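What follows is a set of structures for review.
Shared between the two complexes below is chain A, which has chain B as its partner in the first and chain C in the second.
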Partner chain A sequence: MQRWEVIAVVTGTAALLGASLFVTQQLRDLAAAYPRCLDPTTVTAGCDAYHRAVGRLDMPASLLLQVSWAAPFGTGLVLGVPLVAREIEHRTASLAWTLSRSRVRWLVGRAAFVVLVTVALLAAVAITSELLAAAYAPARHLDSDFTWYGRRGVLLVVRGLVVLGLGISIGAVVGRALPALLVAVFGTVLLFTGISLAMDRWNAAEATARPYGQGESDALALGARIELTDGEVVGDAYLASLENIVIDADGSVYSRFDPDSGLPDRSSLVGRYRELMLPGERYPQVVARESAVGIGAAVLLLLAAGAIVRHRRPGA
Partner chain B sequence: MRQAIRLAFAMQRLELRLLLAAVLLVSVAALGIAWQTRVLREAQLACLESAPPAVEGSVESPCPGQDEPLATLDRLSAFAKMGVIFTPIVLGLFLGVPLVAREIESRTAPLAWSLSRSRRRWLLQRAVPVFGVIALACIAVGVAGDVLAHAPPWVEGSDPGFEDWWARGPQVAVHGVAIAAAGMAIGAIVGRQLPALLLGGVATLALFVAVTLVDDALMRSAVEPIAVGPNQLVTGKIYGSGFRQDASGRLLSDEEGYALFGDQLDESGYPPPGYSMVYYLVPSRRYGEFAVYDAAMFGTVAAAGMALASWIVVRRRP
Partner chain C sequence: MSDQPILTTRDLAKRFGRRTWALTGIDLDVPEGGVTALVGPNAAGKSTLIKTWIGFEQPTRGRVSVAGIDPWKDRSAALAHVGYVPQSPALYDALTVDDHLDLAVQLRPGFDRAYARGRLDQLGIPVAQSARSLSGGQQAQVALALALGTRAEILLLDEPLASLDPLARREFLHVVTDAVRSGGQTALLSSHIVTDVEQACDRLIVLGVGRVLLHDTVANALAAHAVASGEVPAGERIGEFADPGGARVTLVRGAAQAESESGAARPATLEEVVLGYLASSRVTLDSAA
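Let's look at the complex of A and B:
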């Protein structure tokens, strides 16, 4: 029933895996040839050739990590949406549902296959994207680093399952493959915007406010705050309420200029600029948390699909 | 004819409603962002006139009341431009692909084709209203994209040149019709909607890559050396720079110029008297000419797609 979609998704994934492994191997070969040049924070003599060669691989490596980020959305939508929608659209649902012991049993049988395909393909993407990221940034410890968050690792599999559940549910409601695909794309954007905002809020509640320009590169940046002179911490939207803003190199925020010197008026100190960050060592915890939220959402969406299939009329 | 048009719309009612709502959203958003950008820019100019001089060594903003909202509008305008670029792609694929593919997939093609005087006439009656809607919707977003491209502060008194190349102007409509025609042909070949949509997506990507390469080759062949004075602004598609000896008109590369002038270059890199800085560029005034080339390429694809779809519908088994 889904031969074309499975072939399309497998072909796309194979192309992504092949390209990722090829770029990974090239980066590894370079790292092996220039072991002294891997730390980007130090300038080492004789490393120009290494930096030029890595620079040439910058674009493909970034692009492949970007495609890895998009892979769960494409896979989930292409495999999920037509699962029920096509049966309804072709008017074969009534026959298929009558022949099965129950509609839910029929759905479980059909969904199990696409869940397996989705997990297998996205697990492969998750692993290769981790390998690519590790080769791209060999000096970083990516198991405790938020760099390329959501473009590598287990989150890709979880997101794919969420989109798959959403696609199956929307397909079952709409009952026609193409309009359902359109609605599912809008639904995916809304759902993931909501999840992203909720996770940001959750993470921000546990983040620490670092002095201006002193955050680590492996941390998760969650916006800025102003620590007022009376100790109160407010959002950076507060700056828009000031008549003038001067932020010094040390992060001090002033609201007035001295008209004589043209320098900030020291008596107008508003507070200190702070960057809200979650340190890199919290990476596994944040990934586990978002994975749990994603798996919960996927289960709920699959249950919703079961309920829709159970109660809906088999005609479009 | 009216019945045929009504049927064409009834077959794709849900897609049309969703997509036209999205088109309306993109157009209104683009126009709204452009309008608010102009309003805030006026306020910012008034504020900057009365602000004290900048302070060296600090990140300062004398007009935060306008800076922050303008930056937000700039970020939002990027989304609106993406919307304009994707409108012809989404409309073309979602409305073009199912025109024939749905009839074949749902096995209604034999009945529909036998009821019509000819298969070609049937295709014409189904395709023309849908292609008309695609063209009109894309013209609307193209105009909105054009207004948005002229709104940023840096375009004041200038020309956006080749900026937002695929996100403005009437060629957006040509893109939409071309993608719909190609999608229709792929749908007629494959005979199933979703696989045809996926193939159509790949074909659209290939089409845009190919046209980008041809556009780039055409522009490179049209590059001309333009001499610019100190602090003079030039707009256009810039491919390189160099220097010119004014007396002889001899052109020097950047490397030759740096070797010849050394410390004589001023702070902005301008050469000593007797020489001018030169940009190798396609000037903004030639935007219209290249927009016509672009539209001609997509128009050819549209004509080929329609002819192929018609040929397949006439010949294929239903």
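Let's look at the complex of A and C:
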């Protein structure tokens, strides 16, 4: 009964998968042709052609990873919002809810189908995005690397389930598909901003402070801190309270210039700039942590949808 | 037909928002078997009353029961006794009639697909066509077949005739009465058009602005009322309204047979009975205001 939404989502996903696999294969072919050129940190003679060819695939590969990041939101909203909202809007809910003795059982039957479709499609996106990322950065060990965090792997499936649960719940409350879609978009932004802030805070509590500019490229950056000269550590918002800020190459923060030399006044040292980072080897743990939070949120939202459907009037 | 009530309400009141009362203290006992007409003007509370019986609306005050079950406390158990046809047939546009029957089989344990299909075949409803391509009358018949296929002992029909042409109404009522009389079910049919239900119903409930104004068998209602123009005979004056010619007439309950026969009054039609009671509720409201 959501034929068009399912067709739209399957078609969109198929296009994304096809494009991702095509670009992945092109990157793999290049890597096979230039096996000595894969490490971007070393300059190897004769690799210009390889780098030029990879450069041409840079934009489509980045774009496809960006679309992979957006796929859970699109899939969850398109499949989730109309599930109950359209039944209420078209008044078919009164037919279904009187034929079916239990509304919750009816919802479970309907939701099970879209959950399966969502998981199947996003699992495919999760796998192809991992393949694309691996082909795009062949020298990296992406299973212990935060590069393209949230644009590849299992988090795409989990986020899709969260948005699906939110979409079903909001659709059940609003009872009209289009207004519910707008509310659900807003709700998704709010929910994921909240989850992101909470996860950042959780991760930051376990992060290590690295000197300015010395963090590893596979690490997860979680903001910055200022280590004051008296040993106190403050957030980087502290810098806003200073009139002049000068940060030199080693991350030392000064509050004024020396007008004669044009260099920072060494006597005005405020503290050292430190970047908070989680090292790449924590990647599996952080993914597992966000997945657990996401699955918990999805289950709660689906339970909420059940409660709403159970008590709601069948009319909009 | 039995006198055992199968649908009841006690002091049922329903308020929407803070001030709008759809029902105000209704006591009803609908006996098992036969067809009961629930008649009243728009906004009288007919749909609200039916929706409390299927657990779609929670009473603000009082109690309702369906076959002895409180539908708000145990909706699943109550719905097992009910087949429901909503105000306008709400079918899935893209599904065929056959798909609807399959859906009903999935949703409702014990749904009698063959019986519902047989009813539709008798009426020549094209079961392979999508619901959106059916006429309003055919859609109503599909909705009725779905309700009948549940084999529930109670049929709640919420103004199913409102959007049908006269022929489709007649066919719909024929199917209802046939099913009820052959299956021993109880049907409650709401309508704001009395002539629609006059032929088909055994009992009559007149609902006006949230109150029950009359509840009796059709035969008793007709026997007990007369209308008078001019001098009003002895009896309980119910209400005054205009006849089709514009003359004021009065509905009287319990007018002496002799007076009816003498020409001071004549036997009321069912429509006049309903009009008289609705007029009485308007007078009450005006007085209250």
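Simple rule for what comes next: the second predicted complex is superposed on the first by the 316 of 316 C-alpha atoms of A that agree within 3 Å, B and C clash if a C-alpha of one lies under 4 Å from a C-alpha of the other, contacts with A are read in each partner's own complex, and residues count from 1 in each chain.
Note that in this section a residue touches a chain if its C-beta (ideal position, glycine included) is under 8 Å from a C-beta of that chain, and two chains touch if they have at least 3 such contacts.
These numbers were taken from a predicted model, which means no experiment stands behind them.
Asks: With the two structures overlaid on chain A, would chain B and chain C clash, or do they fit side by side?
Replies: fit
Asks: Which partner does A:Pro314 contact after superposing on A: first (chain B), second (chain C), both, neither?
Replies: Touch status of A:Pro314: second partner only.
Asks: Where does A:Trp106 make contact in the superposed view: on chain B (first), on chain C (second), on both, or on neither?
Replies: The answer is second: A:Trp106 touches chain C but not chain B.
Asks: Please indicate which partner A:Ala49 is in contact with in the superposed arrangement: first for chain B, second for chain C, both, or neither.
Replies: In the superposition, A:Ala49 contacts neither chain B nor chain C.
Asks: Taking the superposition on A as described, I'd like to know which of chain B and chain C A:Ala139 touches: first, second, both or neither.
Replies: neither
Asks: On the A-aligned overlay, A:Thr98 touches which partner chain: chain B = first, chain C = second, or both, or neither?
Replies: Only chain C; A:Thr98 stays clear of chain B.
Asks: Going by the contact rule set out at the top, does A:Leu116 touch chain B (first), chain C (second), both, or neither?
Replies: Once the two structures are laid over each other on A, A:Leu116 reaches no partner at all.
Asks: Taking CA centres after the superposition, what's the angle at chain A between the directions to chain B and chain C, given in steps of 10 degrees?
Replies: 80
Asks: Contact-wise, after the overlay, does A:His90 reach chain B, chain C, both or neither (first, second, both, neither)?
Replies: both
Asks: Spot which of chain B and chain C makes contact with more residues of chain A, would you?
Replies: Per-residue touch count on chain A favours B.
Asks: Mind working out whether A:Leu181 is in touch with chain B, chain C, both or neither, as first, second, both or neither?
Replies: Only chain B is touched by A:Leu181; chain C is not.
Asks: Which value, in Å, gives the least CA distance between chain B and chain C in the superposed three-chain arrangement?
Replies: 8
Asks: State which residues of chain A lie in both footprints, the one left by chain B and the one left by chain C.
Replies: 90
Asks: So in the complex, which bits of chain C are touching chain A?
Replies: Counting only chain C, the residues touching chain A are 54, 56-57, 75-77, 79-80, 82-84, 86, 88, 90-95, 103-104, 106-109, 111, 143, 146, 150.
Asks: Residues of chain B touching chain A in their complex?
Replies: Contact set of chain B toward chain A: 14-15, 18-19, 51-53, 55, 57-62, 64-65, 68-69, 94, 97-98, 102, 105-106, 192-195, 197-198.
Asks: Show me the residue ranges of chain A that touch chain C in the complex, using the header's touch definition.
Replies: Residue list for chain A touching chain C: 1, 3, 90-103, 106, 109, 313-314.
Asks: Which residues of chain A touch chain B in their complex?
Replies: Touching chain B from chain A are residues 4-5, 8, 78, 81-82, 86, 89-90, 174, 176-179, 181-183, 186, 237, 239-240, 242-249, 257, 259, 262-264.
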